[in-house]
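In order of appearance the chains are A, B, C and D, and numbering begins at 1 in each one.
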Amino acid sequence: MKKFIKSTIVMILILGSLGTYYVQSAMVTNDLPRYHIEKVKGEEELIDNLIIRGTYSHEEVNDRFVLTNQGIEYSSELNIVERFEGQYNFTRQRLREKYPDFMRGTQYVHNNLYEDDQYLILVKEDYEYEQSEAQHELEISMLNKESKEEKEFEVTVKEMSHIVDIQYVDSNVHIYIKKRNHQSQNISIVDLTINPNSGSIENETVLIESKQSNKKNQYVNISQLGESVNYAPMQYLLFRDQLETVEEGTDGMRVTDRESELLAYNTETGEDKKLDLSQKEYGLAAMFDGKYLYFEVYTEQGDLVMKPYNVESESFEDSITIEVGKQRTNILKTVKDGQLYIVHNSKVKVFDVQSGDVVYEGKIVSGDNPDLEFVYFDFVEFK
Amino acid sequence: MIEFKNVVKKYGRKVVLDGVNFTANKGEITCLIGVNGVGKTTIMNAIMKLTPVQSGEILVDGEKVTKKTFEKVAFIPDAATMLPNMKIEEAMEFMDDFYTSWNQSRANELLDFFNLKKKDKISSLSKGNTAKVNLLMGLALDVDYILMDEPFSGIDIFTREQIAEVFTSHLIEDRGVIITTHEINDIEHLIDKAVLLDNGTIYKEFNTETMREDEGKSVIDVMREVYRG
Amino acid sequence: MKNFIKLANFEFNRMSKLLFALMGFVLVVQLGAVFYETSTFMSKFNQYMENEQLTREQALMNFDTISFGAVMGNILFFGPIFICVGAILFYIFLIWYRDWLGKNTFVYRLLMLPTERFNIFLSKLTTVLMATFGLVAFQLVAILIERSVFNLLIPDDLRQEVYFNQLMNTYPFTRILLPTNFDEFLIFYGTGILSVVVIFTVILLERSFRIKGIALGILYGLAMVGLVLSPIIINEEWFLDHYFYLSEIFWIEVVVSLIALALSMIISRKLLNDKVRV
Amino acid sequence: MKIKFNNRDPVYVQVIRHFKNQIAKGFLEPGQAIPSRRELANQLKINPNTAQRAFKEMEEEGLIKTERNQPSRVTSDENILQDLRDELIIQAVNEFVHSVKSINVPLDDALNLVKQKYGKEKGDLDD
C-alpha cells in the first residue's frame, strides 16, 4: 500500500481543493438576492416585455442582472453559451424562443426588424461589388404569425448606406433606407415600397433630400429620431435634417452653426410635415413612440416633468410630473404605444399619456425586503 | 508449439521476413541462426506483437497472440527492460504485480544462482549482471515458452558459462525455448533444432541430432554449406 | 481495471518527483513575488511619509492601498505557472518517448504485460491529468498560503481585501486555469483532455510508422482540429449563414468533440495492439 | 565427468560411448547408480533432451535399468557386460585394422609391434 501513498495524497489534494473552490463559487451565486416585481395595481401584462438591467454590488459580489416580470437572472448564473452571447439582445432572444425556425440565420437584429400583431419582417443586408459600385442585396423574410406562412424575396439597391426603418402598411413592406451619392455626397431618405406578392420594388420615393452645400466647411446630415421600440409599427417617422458649419480651431474642429429641421413623415398617408419645436422652448426631446414625442424637463423643485407632444394633432398633452427629489440619477424611463414607463426608487410605474393615469404600478422587492441598498438599476428597455 | 506460417514483414520497401515458416516445440530448444540483421530479432518481436507483420500467421499453441499469451511466453530481449532507477527487488515486485505466472521462489533461486543482490540498482549493474537480471525476469515466470535474443552477445566468458548452465537446468526443462544467435559455438550441443535464416527466409530447419546421425554434419557444416552454396 | 489502477499508479510514481519539485518551485518563487511586492510597497510608503513629513494617519489618506492582485501581476507569480504549463506540455511527449529511448527500453516490458495494452494509454493519460490537476489544485493552496504571508507583511490599513473569486478573475491566466464557473472548467479541461488524447494518438502514429507516421500524425492532428472546428466553420456566412444557434452549435461541438475523443482512443487502441513497434 | 564432444557425431551417441567406456573400464560398476538425466545434462552441458535420448538407448540396449522412482543403475547382467566388452574390443580392432590396412603394413609386422607395445603399456592402457 505504500506504493499508492503519493497518488492518494495528490488525489485528495485535487478533490479537496478544487471541490472546495467550486462549492464556494456556487455558494456565492446562491446567496444573491432574488428580486422580483410585485404588482401594486393595474394591468400586469403591460410590463410583460419590460426589461430592467442593473448591477448588484455587495461585499465580494459584483454581478450584473436582468430583472423582468418573470424574475431576476444574474450574469453569473448564465450558462457558458449565454455568457458567450452576452445579455443584451433581448428582442432577438425573445424572437428566437418564439419563432426558432424563422429566426435561423439571423445574427443582427436592430433596425432590420418589424413586428406587429400579425407579421414579423426581417431584412438581411448583403454587399456585392459590381463595376466598382457597391450594391446592396436586401433579403426580406416575412412571417405571418397566425398562418405560419413564410415569404422570402430579395431586392437590390444602389448607393445604399443603411436601413433606417421598416414598416408594413396596406399590405406593402416599406423599407426606409439612407442613401448617399458618392459623387455629390448627397444624402437622402428613400422609401422602398415592396409588394410581398411580387417580391419586387413597386415604388421608390425620396422622402427627404439633404440641402446642397458647396461650402467646404459645411456638412449635411439626416438622422432619425430614436424610437423607444425600433421594431414596432410607427405612425410617424421623425427625421432631423441638419446643416453644420464647422471651423477649425486650435483645439480641433468646432461646430459654429447648426441649422436643423424636424420633419415628421406619416407612414400611412405618405405625407410629411415640418415640426416647429425648439429645444430652448420645450426642453430635451428625449423619446418617441410613433405618436408622441416626449420632452423632459427637471424643475427646481425636484420634479421630472414629461411633456408628451402629439405629432398628429401637433399639440401637447397634459404633462406628467414625477417627484424625484433633488437627486436626478437612477431614473429610468421608456415609452411605448402612448405609455410612459418610469423605474424609480424601487417602483415601476406606467402612465397612460392620453389620460395621465397610472395604469400599472409595481414594486421591486426581494422576499419581504424592499431594500435596494446594493442595487443599481441602469437601463430599461423592451424585449 | 509456436508456429510461423508464411510470415511477411517489411520496413518500408525493405523486406525483413519474406514468407517465414517454422515451428518451435515445447520441450525443445530451437535456435535461430544467422548473421546480424537477417530478421532474428524481428521474429521474436513479431511473436510478442512488438512489431506488426504484413501477412502470415503466428500461433502459440494454435492460438493467435493475445494478452493472455504473455502469461505463457516470456521474451528476454538483449536490452534491459526495467527502469534504470529501480532496484532489483522493485523490478521483481513490478513483475509480481502484473504477472500471475510470476514465481517468487524461483526468482529468489535465480537471484542466488546468478549471485545478484536485490538491493542493487539496475543502473549500477555491469553488463553481465544486467543480462542476468534480464534473464531472471523472464525465467522466473512460469511460462511454457521462453524467447531469448542473443543472450551471449557482448558478455564475458564466465557469465556466458553461467547462462549456458541455465539451459541444462530445471529452469528450462520441459519448456520451449527459442534462442537467437549469430555465433553457434557456445551452444551447439545445447540445441535441439536449428533454423538457418538469411535474407528474410528460412534456408534450412533441422534437428541437430538427426543431422549428425543421418549426415554426420555439425551445425557449422550445414551453415557452411548453406551460406556458401 | 485492477491492472489499470496499478499501472496508472506506477506511471504516476514515475513522475511524482518532478511533480513535487514543480510544486515546491511554484510555492518558493511565488513567495518571492510576495516578498518583493510587499517590501517595495512598504518602502514606498515609508519613503512617502518621510519625504512629505506626514504622520502615518495623514499618509494613509493619500496613499493607495495594495491588494494581493499586485502579487499576481508580478512575473515571479505567473512565471512559475507558465513553466509548469510548459513542463506538462513537455511531459505529454516525454511520457511516451522515454520508454523507447535510452539504454533501458522499458516499452518492451510495458507492451508484454498480460493486460490490455490500452491500459498503458489510459495510465499515461491519467498521469498527465493527475499532474495537471495536481498542480492546479496546489496553486489554489499556494495562493492561500501566499495570501496569509501577504497579510502578515502588510498592515490592515494599507491592505485592500479582495475576495478570492474576484482575484481569480483578475488575470487571464488564472481565469483560464481556474475559471470561477464550473461549466467553463469542464469545457476548458475537456478541450485539454481531448488535445492530450489527440497528441497521444499522433505520438502513437509516429511510434508505429516512424517517418511516415510523422506525416500521418500531422495530418491526423490537422484533421481532428478541422473536425472539431467544422461545426463553427460551416455555420459561417459562406455556408450555412448562422443557421444553427450558438446553443445548438455548442451541443454539436460537444458531440463532435466526443466523437473526436472516441475516434482517437479507438485508433490509439488499435495502434497499440497491432501496429506499434519497439 | 567431462567429455570433449565432436560436432559431427550425434551427441547422444557420444554420451552412450562414454558410458560404455566407463563401464568397460570399471569406473562404473555393475549395479551402481548413475546421475539422473537432468544432472547428466547439467554436468555434460548438453541438452536435457539429448541426455534423455542417450538414457533411452542405453535402456533399450539393457546397459542401464530404471525402476520407478529410483535412480537409474548400471546393469548387473554379465551377458550384457560381456557383450559390451566384446563390442568395444571389436570396435577397437576394426579401427586398428582399418588404419593398418590403409598404410599397407603386413599383418605379422603389425601384430609384432602390437605385442611389443601392449607389453610396455600394460596396466594403464587408454583407448
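Just so we're on the same page, a contact is a pair of C-beta atoms (placed from the backbone, for glycine too) under 8 Å apart; a residue touches a chain by one contact, two chains touch by 3 or more.
By chain, with names taken from UniProt: B = ABC transporter ATP-binding protein; D = GntR family transcriptional regulator.
Everything numeric in this text was worked out from a predicted model, so none of it was measured.
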By Cα-centroid distance to the whole-protein Cα centroid, the innermost chain is C
Comparing the two chain pairs, does A-C have more C-beta contacts than B-D, or is it the other way round? A-C
Chain centre separation (subunit A, subunit D; CA means) in Å: 117
If you average the Cα atoms of subunit A and of subunit B to get two centres, how far apart are those centres in Å? 82
Give, as an integer number of Å, the spacing between the C-alpha centres of subunit D and subunit B. 35
Using mean CA coordinates as chain centres, what's the gap between subunit A and subunit C in Å? 42
In subunit A, what residues contact two or more other chains? none
Chain contact graph: line, ring, star, complete or other? line
Okay, what are all the chain pairs that touch? A-C, B-C, B-D
In the complex, subunit B residues that touch subunit D: 27-29, 164-165, 167-170, 172-173, 188-192, 208-210, 212-213, 216-221
Contact set on subunit D toward subunit B in their complex: 5-13, 38, 41-42, 44-50, 53
Of all residues in subunit B, which touch subunit C in the complex? 12, 45, 48-52, 67-71, 75, 77, 79-84, 94, 97-101, 122-123
Partner subunit C, residues of subunit A touching it in the complex: 3-4, 6-7, 10-11, 13-14, 16-18, 21-22, 24-26, 28, 59-60, 62, 76, 79-81, 83-85, 96, 100, 104-107
In the complex of these two chains, what residues of subunit C are touching subunit B? 3, 6-7, 10, 14, 102-106, 108-109, 111-117, 208, 212, 273-278
